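Going in written order, the chains are labelled A, B, C and D, and every chain counts its residues from 1.
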Amino acid sequence: MMQDNSRAAQPGAYDFSGLKAIFFNGTLTKSPGSSHTGRLIKISQGIMQKHSIKTEVIRTIDHPDIATGVWPDMREHGWPKDEWPGIFKRVMDADILVLAGPIWLGDNSSQTKKVIERLYACSSILNDQGQYAFYGKVGGCLITGNEDGIKHCAMDVLYSLQHLGCTIPPQADAGWIGEAGPGLSYGDERDDGSREGFDNDFTNRNTTFMTWNLMHLAKILNGQGGIPAHGNQRSKWDGGARFDFVNPEYR
Amino acid sequence: MMQDNSRAAQPGAYDFSGLKAIFFNGTLTKSPGSSHTGRLIKISQGIMQKHSIKTEVIRTIDHPDIATGVWPDMREHGWPKDEWPGIFKRVMDADILVLAGPIWLGDNSSQTKKVIERLYACSSILNDQGQYAFYGKVGGCLITGNEDGIKHCAMDVLYSLQHLGCTIPPQADAGWIGEAGPGLSYGDERDDGSREGFDNDFTNRNTTFMTWNLMHLAKILNGQGGIPAHGNQRSKWDGGARFDFVNPEYR
Amino acid sequence: MMQDNSRAAQPGAYDFSGLKAIFFNGTLTKSPGSSHTGRLIKISQGIMQKHSIKTEVIRTIDHPDIATGVWPDMREHGWPKDEWPGIFKRVMDADILVLAGPIWLGDNSSQTKKVIERLYACSSILNDQGQYAFYGKVGGCLITGNEDGIKHCAMDVLYSLQHLGCTIPPQADAGWIGEAGPGLSYGDERDDGSREGFDNDFTNRNTTFMTWNLMHLAKILNGQGGIPAHGNQRSKWDGGARFDFVNPEYR
Amino acid sequence: MMQDNSRAAQPGAYDFSGLKAIFFNGTLTKSPGSSHTGRLIKISQGIMQKHSIKTEVIRTIDHPDIATGVWPDMREHGWPKDEWPGIFKRVMDADILVLAGPIWLGDNSSQTKKVIERLYACSSILNDQGQYAFYGKVGGCLITGNEDGIKHCAMDVLYSLQHLGCTIPPQADAGWIGEAGPGLSYGDERDDGSREGFDNDFTNRNTTFMTWNLMHLAKILNGQGGIPAHGNQRSKWDGGARFDFVNPEYR
């Protein structure tokens, strides 16, 4: 292993300006209703903003004109309106993509699934190197619920993001849930006036680490011009390149 | 987005020598029985070897002295033998970690779970920067079965690897399954003498892309001295550092 | 074990008339577009109809006025329209509930999740015995995709149905997927004019067994007046009944 | 819907004597170490015993001679010992099967997976009606962890049990987890001498309801002689019976 971690950590040395981040919030609650997930997003967003990263949060339930389906533009498939194509342009322009959302019955919300479907609908687009268009981006996940399911939801989200072509940094998920059973949700006011979950060291630490790891990896990949373009180009594979792959039949 | 993919792809420019990779094979079949998953591992391993990466495959079912549990050395917890501590040293020495295994009833095998448990048992170890010890490594996943479950198994494996601190490159899983229902497994001989799955373009492409993306990311992170050590150091967080995290209670 | 299977199987003896079944189809394709999942539903529905069971298929994507959310009637929560309350009455009137849908990126569709959310929204309703309102119903699952994920999707669906209070008969899921990688979907026309998957013995058998097991269990539970009402009544538990539960603290 | 819940609930009327239950405990801790999951099993077991059900708990980690693999008797496949065949006889003799276990990294333990593999290894055995041998049994699930994953683990366990042929009663899973992050596990002593989780109303209620629903369904199915044997017999399907299935190709 060639790794050498001896470089001194100099906070001032970290310049993330120029990076862009998009957060999708899959809450089922329309504005101006309060989103528990939105409270957690703000922590991560706040750290990014402090480092001059341009951030955007898209709360999809407030955008009823995002069509449902698996094509880039559903207007070509019988839907009268589709706000997705405009949103997707901003996704393509971002370096950091965070899918955030609530837990319902232990799983991601229908809004989170809808966003994954629309991202997936665009997964055949290639960049100018012939790689999938999400190559070079980094992905993370934030989940809130009142009792169970952060990891289950995050497994699905992070799997989807890497499948699309995002890089997943270390510990790229964070969340909050309470003890088994019904109870307060993230940020709800307790009897003593304090807020549920806001003092949870694990949630705070994981959210912070996730955010920094997203920033570090996005910076690194940007500095590299994305993921090096060899061995992973769909256009070249389809054209016959095999990149040292040997069919086991012919060994 | 600062990304620039204009750099020309020059195959000769990729030098991965010095990197090390470990594959765990979670098959339930002891040697010298044939492992279907082992056949897929060989494709990825072959590409790495061609690029002078030192590779090792550990087929855990052949190592009955790997104890079961969630401590780094189970000999300190009532087990007479434990081969894991020696294996874990090699894991720590590797840059690339691939968990491979079969699908049983739609899920990972008990051998794959046992390895994840033992890796997790060592997850509190920190490197000299105060980061989790897996930081700087990259992780991937290979799955074979005869009918269903690649993505379900890979979700769990990749989630576990990123949770430990590995970076997950784009499209870091690959696998083969046949049509719904019983049938031949990967690499089994067909009536015409050819081998099931070996001609599956999707499996071959994904295995190749995964392998190259693991190599690219491992090289990049090695060149960086691992993941930059700021905002993600457990020791510093525990010591009171907050890395621009602001408790939402006090905004 | 007291079980005695000696009773002769007499097909004529099975009278399921009077039973009602609802299938939800979570396809993302609007009518009149063809739904692959719809083709599989027809097999199960056909068997039920042959036995005088009244069946209904609700293809939710054709019902844009089903609101999104986790309340029984979203019109009370800021939505101008909500078709769900009328549909839910028919769910309550049914004995058999089958959630069917496609696989996208290895998971259930957003339409399937939306239905689960709306069913869950009504999960606090109790019957006149104080049991959850879904008690006495039976649940099943049908999944189609072109390459991977039947079991993953079915796990989530069947878990949700039993959590709501449905009984899950033996082998209550069925589906079709093809070999790993892109390809034809269920029922698509092959070059030779035959239909993909229609000759899959595993799919046909599982769909048939699921259907019969749903019918058998629905009949049995109906004959019993639902699930016996003792030990499982939310209203009585909340009123202080403990049904032989002993807190381990006081053993 | 024919359901009629008017029958009065008369506790004395419930006679479950003659029924047998097996609990598998997938803890990774060997005896005499304390198992958190074991504490939860005792609650369910206690209720059953009060109703004269014969119960057995098998803590597999204490049985190192249970081989790993997917055959009914691994001694025929190169393993020197295999305790499973004797255990499986008792499984076949039981009416109620509960898989219980801990959560590690959000998923079931390797011991739980090993048991599922061995049960699955026996899934081709048919009863004298030609149904799968697990038909007529009922299945449930108990999960403990310190922070996240009851539903994820239960999804997998309950899916596996129904796939084998067990019937899953309403709300057939229960468990305990604490708030997100490290903390006490189920039944651990708190500073004030009380026990973590023992006062959790949700855990206590769900465990009680699960237990009663398992007992009710086991009694009902026993009274019916198992699942009615028509439409679900593997032997007859293989012999050409189609049970009103019509190939959609020929509609």
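Observations
Definition applied: a contact is a pair of C-beta atoms (placed from the backbone, for glycine too) under 8 Å apart; a residue touches a chain by one contact, two chains touch by 3 or more.
Since this is a predicted model, take the numbers as computed values, not measurements.
In terms of the distance between Cα centroids, chain C is separated most widely from B. Residue numbering shows that chain A and chain B use the same positions for more than half of their mutual interface. A separation of 21 Å divides the Cα centre of chain A from that of chain B.
Between chain B and chain C, the centres computed from C-alpha atoms are 36 Å apart. Measuring from the averaged C-alpha position of chain B to that of chain D gives a distance of 31 Å.
Shown for chain C are the residues in touch with two or more other chains, namely 105-107, 151, 155-156, 159, 163. Residues of chain D touching chain B in their complex: 28-30, 33, 61, 68-70, 78, 104-111, 113-114, 116-117, 120, 156, 159-160, 163.
Taken in their complex, chain C has these residues touching chain D: 1-7, 9-11, 14, 18-20, 39, 42-43, 46-47, 50-51, 92-95, 127-129, 131-132, 134-136, 151, 154-156, 158-159, 162-163, 165-173, 187, 194-195, 198-199, 204-205, 207-209, 211-213, 215-217, 220-222, 224-234, 237, 242-249, 251. Only residues 105-107, 147-152, 155, 175-182, 197, 200-203 of chain C touch chain B when the two sit together in their complex.
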